[in-house]
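In what comes next, chain A is part of two complexes: it sits with chain B in the first one and with chain C in the second one.
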Partner chain A sequence: MRTHSVSVLVTALVTGALARPAMVVPAAPAGAAGTISGKVTYTGTPPKMKPIDMAKEPNCVTQHAAAPVLTENVVTGPGNTLRWVVVYVSAGDQGSAPATETVRLDQKGCQYIPHVLVVQPNQPLDIYNNDPHSHNIHPLARVNPEWNRSQPAGAPPIHTKWELPEFIPVKCNVHPWMHGWHMVLTTSHYAVTGEDGAFTLSGLPPGKYTVTAWQEQFGTQSQDVTITGGETKTANFVFKATPY
Partner chain B sequence: MGKLFAVVLTIITVVSTAIFVLRVWWLPADISAHGPQIDHQLMETMVSSGVLFVLSQLALALFVWKYADRRDGRKVREFPGGATPMVAAAVVLVGAEILALTLVGSKVWAGIYQTPPDPNSLQIDVQAEQFAFYFRYPGPDGRFGAIHPELMNEATENFFGLDPARDTTARDDIVVPTLAIPVGRPILLTLRAKDVNHAFYVPELRIQQDFVPGLVIPLHFTATQPGKYEIVCTQLCGLGHYNMRAYVEVMPQPQFDQWLKDKAAQQ
Partner chain C sequence: MRSYTRWVAVVSGWGVLLLAAGAASLRAQESHIGKLTGHAAAGKDLYRRYCVGCHGPDGDGAGENAPWIDPKPRDFTLAVFKCRSTPTGTLPTDQDLLNAMTRGFVTTNMPPWRPLTNQHRADLVAYIKTFSSKWKTLKPGTPITIPAEPRLTIESVLHGRGLYQKMECWKCHGSKGHADGPSAATLTDNKDLPIRPYDFATGSRFMCGVTNEDLYKIFMTGLDGTPMPSFADNLQPADAWDLVHFLRTLQPLKTPEAALWKAWLAAHAAELKPIGPGGPGGGGGR
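The block that comes next holds the complex of A and B.
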């Protein structure tokens, strides 16, 4: 039987940090390394970000009394930028040491923080419940083994990992509006866009790369980028948005 | 020993009867138009079964007190014809009581559940799923969008599986996790289950109705008192059943109109 394992992610994605342009995980090959950076935007009319009514869990209503949480399936920023897009090297990666730092997922105010996290196979992932009530985390994995676990208030963190590459939607069985993604990527070259839609993939040794941008509702787009030395190449992604 | 048992029996009878007579644990106040019928029926059941309970327990205590310590094994008296007629008599007596309650109760139940809803009812669609309730109002066009189960997506808050891209009647549907209703207006709920059996129970409304996957079950009532009351699931529906609840907010019509307007703006 397979063991759960692996995974990844972006680290300091705690709320405040999300305003940063992007998360960067540099690899460190010898010689001149290049960088690919760009911005993810949309054209058209995106779905409305709707306030989430958490009436079922009065404590979470109180936590967000000042400003209700909005749906996160499509999060836009000024200038038609898209947040929570994962941009990564999907082909041409020349390998890197396995990631060992622990990635953290918080359940706070009936919300997954971060909404999208990236981990590499077998990278430690700790899941915390910071709310004074239960959660039941349920990653809807298909390639990796699917599981769901209840985590009462005050319970210790769940230590886990994902073993195989997969994009895993995650839901809470108790709070239907809670949704997130665990992106298990084999590459260490990835970024998750912040509100400004910007990303930077650095530390890329010379070579031909395919860079892919994934957005949970709009799907993926890819571009080929060739790095010849210590240069910075630009790759912008534009998704076509529809309101429904 | 026999006398002690008789005393204990009597104490149990008196205390348990007192709990009901003094209404220590009683139903919450009724807030529905049909509630008085239910309460009346409950009271009839309670009184008739209560009287029988008290009489039989006290009779038992009396006999135990009087005869338990006899050592000579003599029978006090024999039921005419022996055990068989005694059991038959008990079955007929108890059965008659249950039958009578059932007949009267069915009439009350059918009068509430099997009557057509008021044609001016406000229709609200209810969906139960593990482990939450969602409510849908038709929006300004007065029509519900069609439901497409394959489009149900919690991540986009599309709990009912609407298709606003193609179905214009679905675009203004108002989907919320709280049931708001105007006081004094007939309400027609249509209950749907997304996954397994659930139940819609509001003690104050004197309503308890199961959701069954594949069925659309109508349920109508009129609330008579403003306030906020809990809706709970009373069918064990999975691990999170304990936490499956929502609220019903009964409000005056103008306040309800405003509430609906506010929610419509958020869709």
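The block that comes next holds the complex of A and C.
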């Protein structure tokens, strides 16, 4: 019995040692992993983003004296593109290594920068206050614990993390116009669109995937995409915009 | 014979597993407060008699009286509670829940439930915890440590006043504690419903108690679900006690803090810069 388990162990070690280079080899030729890319646009009339009145916080009025900050719930670009859309693999992910790189959120000029951030469960998240006054960070989490912490001027960053997947709206109660999103995703295949609405999800091994695009006001859309090898598939998303 | 032993082993193994699972789910149905053990099953009948009208049969705060109540009854399905001895973002202790129920909530429709026996209140605590699965997956936080209150001095009050400016308590609570700061009018809770900051001029009771220690806990744990954050990251215990001493002077009460402050002001009022935008520098600046 004992010899048997030892021999099993040895076999496992040997096959493991052999399998390791064998597993790397197929991945080495360029293009074994596929890519899904595309653009997020809208049809219809999106709401107009309004200048934010920051009169309650004179510091922030001064910081934005040149150009007032606009609301960010629907940010568009030339060619009807949509910014701040999170595009991610919502099904079919073949496993992602836990993310360890620290994600940074800044509070500057009474704005969350970035407006939308993505973290994976337990990925370190550091929150900085760069303003010469207080903020309170109040993530309205439901699945994760809801908390609310004050961060006065000059206070050290808050080191935190989210344990469970959830789309968490975040606000500052002192400055009610401050809104942001912490998107906790289990997949490492995600992108947040810039003003050009473009996204690229790369490094996808062959398989069937569901790709989902989320926009804070227009909701989510999904498409199924099959990757068979080192190819680039296109998946475009078009949201119906309503002015209100 | 051999197969029989195996069968017994398998069956008893399952038995142990079932017992363990049963014990865990049973513990989630209990509350433990001092020597008292509350039972959810007993709490259910009490809840349906005393609590259901506001908090609703599903514990979601949507009882039949809820539309006429402001602020709205607590939604137990969220497992987010204002009055805790535990840090922000953690579950309260059973004792915290019992204390809240016993005390009631000033400026709300939640009365003190003193007419109920301790056992009944403990049973209700156990039942309230059945409305959210968080009570099964998470443990209550560890209560914060509160060192003994230092001696009251005018330096302590003045330093507390500097902190009220520096921590920007005045942004919501106002420069005199009258709940009229620049951000007071736009505050919303975690359900986006309007909510008012505490007005120190209105009276004796705070949202979570009446003592100096209760006041300390309020701003060091935050009132979760409301705009009131925790200041524990940036206030040392000595600072926190100084802030308590100053906050007491904002109340129209005959407290030692108010008496000391009044006496000091009689001779020094002109030295004080008003609190608010461009007010005194932090750390005790006058």
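Here is the rule we use: the second predicted complex is superposed on the first by the 213 of 244 C-alpha atoms of A that agree within 3 Å, B and C clash if a C-alpha of one lies under 4 Å from a C-alpha of the other, contacts with A are read in each partner's own complex, and residues count from 1 in each chain.
As a convention for this text, a contact is a pair of C-beta atoms (placed from the backbone, for glycine too) under 8 Å apart; a residue touches a chain by one contact, two chains touch by 3 or more.
Predicted, not measured: the structure shown is a model, and the values here were computed from it.
Asker: Clash or fit: what happens to chain B and chain C when chain A is overlaid?
Answerer: In the arrangement built by aligning on chain A, the partners chain C and chain B clash.
Asker: Tell me which partner A:R142 touches in the superposition: chain B (first), chain C (second), both or neither.
Answerer: second
Asker: Identify the partner contact of A:Y244: answer first if only chain B is touched, second if only chain C is, both if each is, neither if none is.
Answerer: In the superposition, A:Y244 contacts chain B only.
Asker: First (chain B), second (chain C), both or neither: which does A:P51 touch?
Answerer: Only chain B is touched by A:P51; chain C is not.
Asker: For A:A155, select first, second, both or neither according to whether it touches chain B, chain C, the two together, or no partner.
Answerer: Touch status of A:A155: second partner only.
Asker: A:E216 in the overlay: touching chain B, chain C, both, or neither? Say first, second, both or neither.
Answerer: Touch partner of A:E216: chain B, not chain C.
Asker: Answer with first, second, both or neither: which of chain B and chain C does A:T71 touch in the superposed model?
Answerer: The first partner, chain B, only.
Asker: Which touches a greater number of chain A residues, chain B or chain C?
Answerer: Residues of chain A touched, chain B against chain C: more for B.
Asker: Per the contact definition in the header, classify A:H179: touching chain B only (first), chain C only (second), both, or neither.
Answerer: In the superposition, A:H179 touches chain B alone.
Asker: Could you give the residue numbers on chain A that contact chain B in one complex and chain C in the other?
Answerer: Overlap of chain B and chain C footprints on chain A: residues 56, 133-134, 136, 148, 150, 173-176.
Asker: What residues on chain A touch chain B, complex-wise?
Answerer: 47-48, 50-56, 71-73, 133-134, 136, 148, 150, 169, 171, 173-177, 179, 216-217, 242-244
Asker: Across the complex, what residues on chain C touch chain A?
Answerer: Residues of chain C touching chain A: 78, 80, 88-90, 134, 138, 166-168, 171-172, 182-183, 186-188, 190, 222, 224-234, 277.
Asker: Enumerate the contact residues on chain B facing chain A in the complex.
Answerer: 129-132, 134, 154-157, 159, 163-165, 171, 176-178, 238-240, 243, 245-247, 266-267
Asker: Of all residues in chain A, which touch chain C in the complex?
Answerer: Per the touch definition, chain A meets chain C at residues 56, 58, 133-134, 136-138, 140, 142, 145-152, 155-156, 158, 173-176.
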